[in-house]
Amino acid sequence: MAIPDRDIPTNRLEAFSDAVIAIIITIMVLELRAPAEPTLAGVLKVVPEFLTYALSFLVVAIIWVNHHPLMHAAQTATARLLWSNLYLLFCMSFVPFVTEFLGRDYREPLAVALYGLDLFLCTAGFYFLRMELIRQSRGDAVLTKYQKHIQMKNAIAAGLYFVSVPLAYLTIYASYSIFVLLPALYFWPEKTLLGE
Amino acid sequence: MAIPDRDIPTNRLEAFSDAVIAIIITIMVLELRAPAEPTLAGVLKVVPEFLTYALSFLVVAIIWVNHHPLMHAAQTATARLLWSNLYLLFCMSFVPFVTEFLGRDYREPLAVALYGLDLFLCTAGFYFLRMELIRQSRGDAVLTKYQKHIQMKNAIAAGLYFVSVPLAYLTIYASYSIFVLLPALYFWPEKTLLGE
Amino acid sequence: MAIPDRDIPTNRLEAFSDAVIAIIITIMVLELRAPAEPTLAGVLKVVPEFLTYALSFLVVAIIWVNHHPLMHAAQTATARLLWSNLYLLFCMSFVPFVTEFLGRDYREPLAVALYGLDLFLCTAGFYFLRMELIRQSRGDAVLTKYQKHIQMKNAIAAGLYFVSVPLAYLTIYASYSIFVLLPALYFWPEKTLLGE
Amino acid sequence: MAIPDRDIPTNRLEAFSDAVIAIIITIMVLELRAPAEPTLAGVLKVVPEFLTYALSFLVVAIIWVNHHPLMHAAQTATARLLWSNLYLLFCMSFVPFVTEFLGRDYREPLAVALYGLDLFLCTAGFYFLRMELIRQSRGDAVLTKYQKHIQMKNAIAAGLYFVSVPLAYLTIYASYSIFVLLPALYFWPEKTLLGE
């Protein structure tokens, strides 16, 4: 027997990512506590938390959907791919935190800005992962062009999330527009920006 | 190398769904806190929460059991299948929330109605998924007929859960009957309604 | 294409069980809160919770280890096997609850009795699963004999856990002896009782 | 059919470990509560908890990365390998506990010492696992030498974490240096100590 292979196969990388993302998307709902009063008014108080949860669920779901072809396109699980992915999971692990904060203080610029900042950092994670794919696609002009095309969309989405951070201090509505617009565009037939 | 495949294979879809469902079914028990008093009276106070937990465990277990042949029957993981499934998981993620609410305020029509509403939305998720399977089965008359037969059962179950919502304001006992009857019917030899 | 297969393959059954058991074994540690005082006395207060956690971790780990050959021996995932397994997972999902209770009220007979009761119910789950395996092994005399041999050990372990429930009201030390003895016997060379 | 195989295949061992590690790495973030005040001062109060979380995420990520080639190198899932791995998972399950403690009482020698102690116990888990691999590599001089080389690095890392425990009572800064230095060395080109 030879010296054992030291690479992490992409299938274990995918399984671990799936598990982490499944936990992140599910534990957010734990922040939703049963309304203090069993009245409609009591339930209505939970509405902002419900809406931010729904938004975060949608964003994490889109990340999960996009994460698949990304991992699938990787030819080898290089250290750079591995740690870019762990960086992405690290940033994603804050989504429950910023969601809880936004759900409670949804009118506070600080909560809005932190939410935008975390989504910017997640999108940056996709940028780093795609950079590694572009590196791996060298020598295949068609594939490189395809990867760069998606990378440009990543960059625009990251840029918009980045802009949402200072915008929150001007008017939180502009930041909220970005938060709602980007996932909505994903379902646009052209799959602009967040889609592939 | 060609442009990488952008489909999510059903196996990763299944693994992700399994993980989310496993988390949902397990975190509900976290709502059960050790009784405040180490007396029989203290334990008895936990009984309503225990019963709603047992009911929700059963409902989620049936969903998990039914989810398998459904995914298995899918020929391709189309975007429509993928997002119907994510919609189902989203609705299921509220089961711990409505279970906690029902366990605490089990005599409040509002808690009963919200519980019924969430199960209605979950059953509707199965309806959407089955619609996509009917679409995929075009051209195979036997399979289409089989899928439509199950779809009709889905529709009746969804209808009953829907009715349980307003019923809770007339008498919560009628709604509770529906909650208990539907899973019970599942174990009936004919596997009516909730079964396949 | 024919009518899709309605069986749950054992691999998905295993993956789901693994996920649920992984969550159960891990969330128990969430009950351990950082000591209120950063002093040795503060840490010592956590010791009973730590010990009950360690005991429960060991019991759940043994269940997980035994669960594997059990599922592996199953030839088909019959409804009876499926629902016996879901029953086992249901009983196991209370381990964090009874562990938290025992960790806080470790001198209360009620907490000790409930802990023993839950482990009895889990062991009964193994009994039901093994009954199905005996049923599936019909026609193979060697295998049937082997399965019945393990079943007898299951029955003795279940009996001991059952006895620990009333015993707790005589003297909790007798019940604790059973809780410690059964896992310890597992590591005995002969793998008596809890082992296979 | 013969008596069923009683070994746990390494793939189920890996899947279970992945699930447990995914949960451990994710639930730590649950300790991070939305700041009490939606002000920069409120957010700054969360910074120590954030930093300890980031450190623990990094340590657990490195453990996960190293866990793969370790399991991959195992030829058979012997009982010794299985229980060494369960011991490792048990020690890792305390990482959220010691992280929460350190995040709150980051200036208390006791919190620093407990953190170091848990990381020492985790590293010892790797030592036990590697001991089993050395045992399995008998008869292959090249492989044995390779395994012993890594084992030596394990021993040094374990030794440093061990030293961090009493050091915390002299000066917590020395212990913190060890906590930061060991993961940092992992990314050193030579992959000293924590790497393979």
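Order of writing sets the labels: A, B, C and D. Residues in every chain begin at 1.
In the analysis below, a residue touches a chain if its C-beta (ideal position, glycine included) is under 8 Å from a C-beta of that chain, and two chains touch if they have at least 3 such contacts.
Predicted model only: the values in this text are computed from it and were never measured.
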Graph separation of chain B and chain D (steps between touching chains): 2
Same-residue or different-residue interface between chain A and chain B, half as cut-off: different
Rotation in the CA alignment of chain A with chain D, degrees, nearest 5: 90
Distance between the centres, which are taken as Cα means, of chain D and chain C, whole angstrom: 27
Computed distance of Cα centres, chain C from chain A, in Å: 38
Junction residues of chain C, two or more chains touched: 15, 19, 23, 27, 30
Complex interface listing, chain A residues touching chain D: 1-6, 8, 12, 15-16, 19-20, 23-24, 27, 30, 82, 86, 89-90, 93-94, 96-97, 100-101, 104-105, 108, 110-111, 114
Residue ranges of chain D in contact with chain A within the complex: 14-15, 18-19, 21-23, 25-27, 29-30, 32-35, 38-40, 43, 54, 57, 61, 64-65, 68-69, 72-73, 75, 137, 140, 142-143, 146, 196
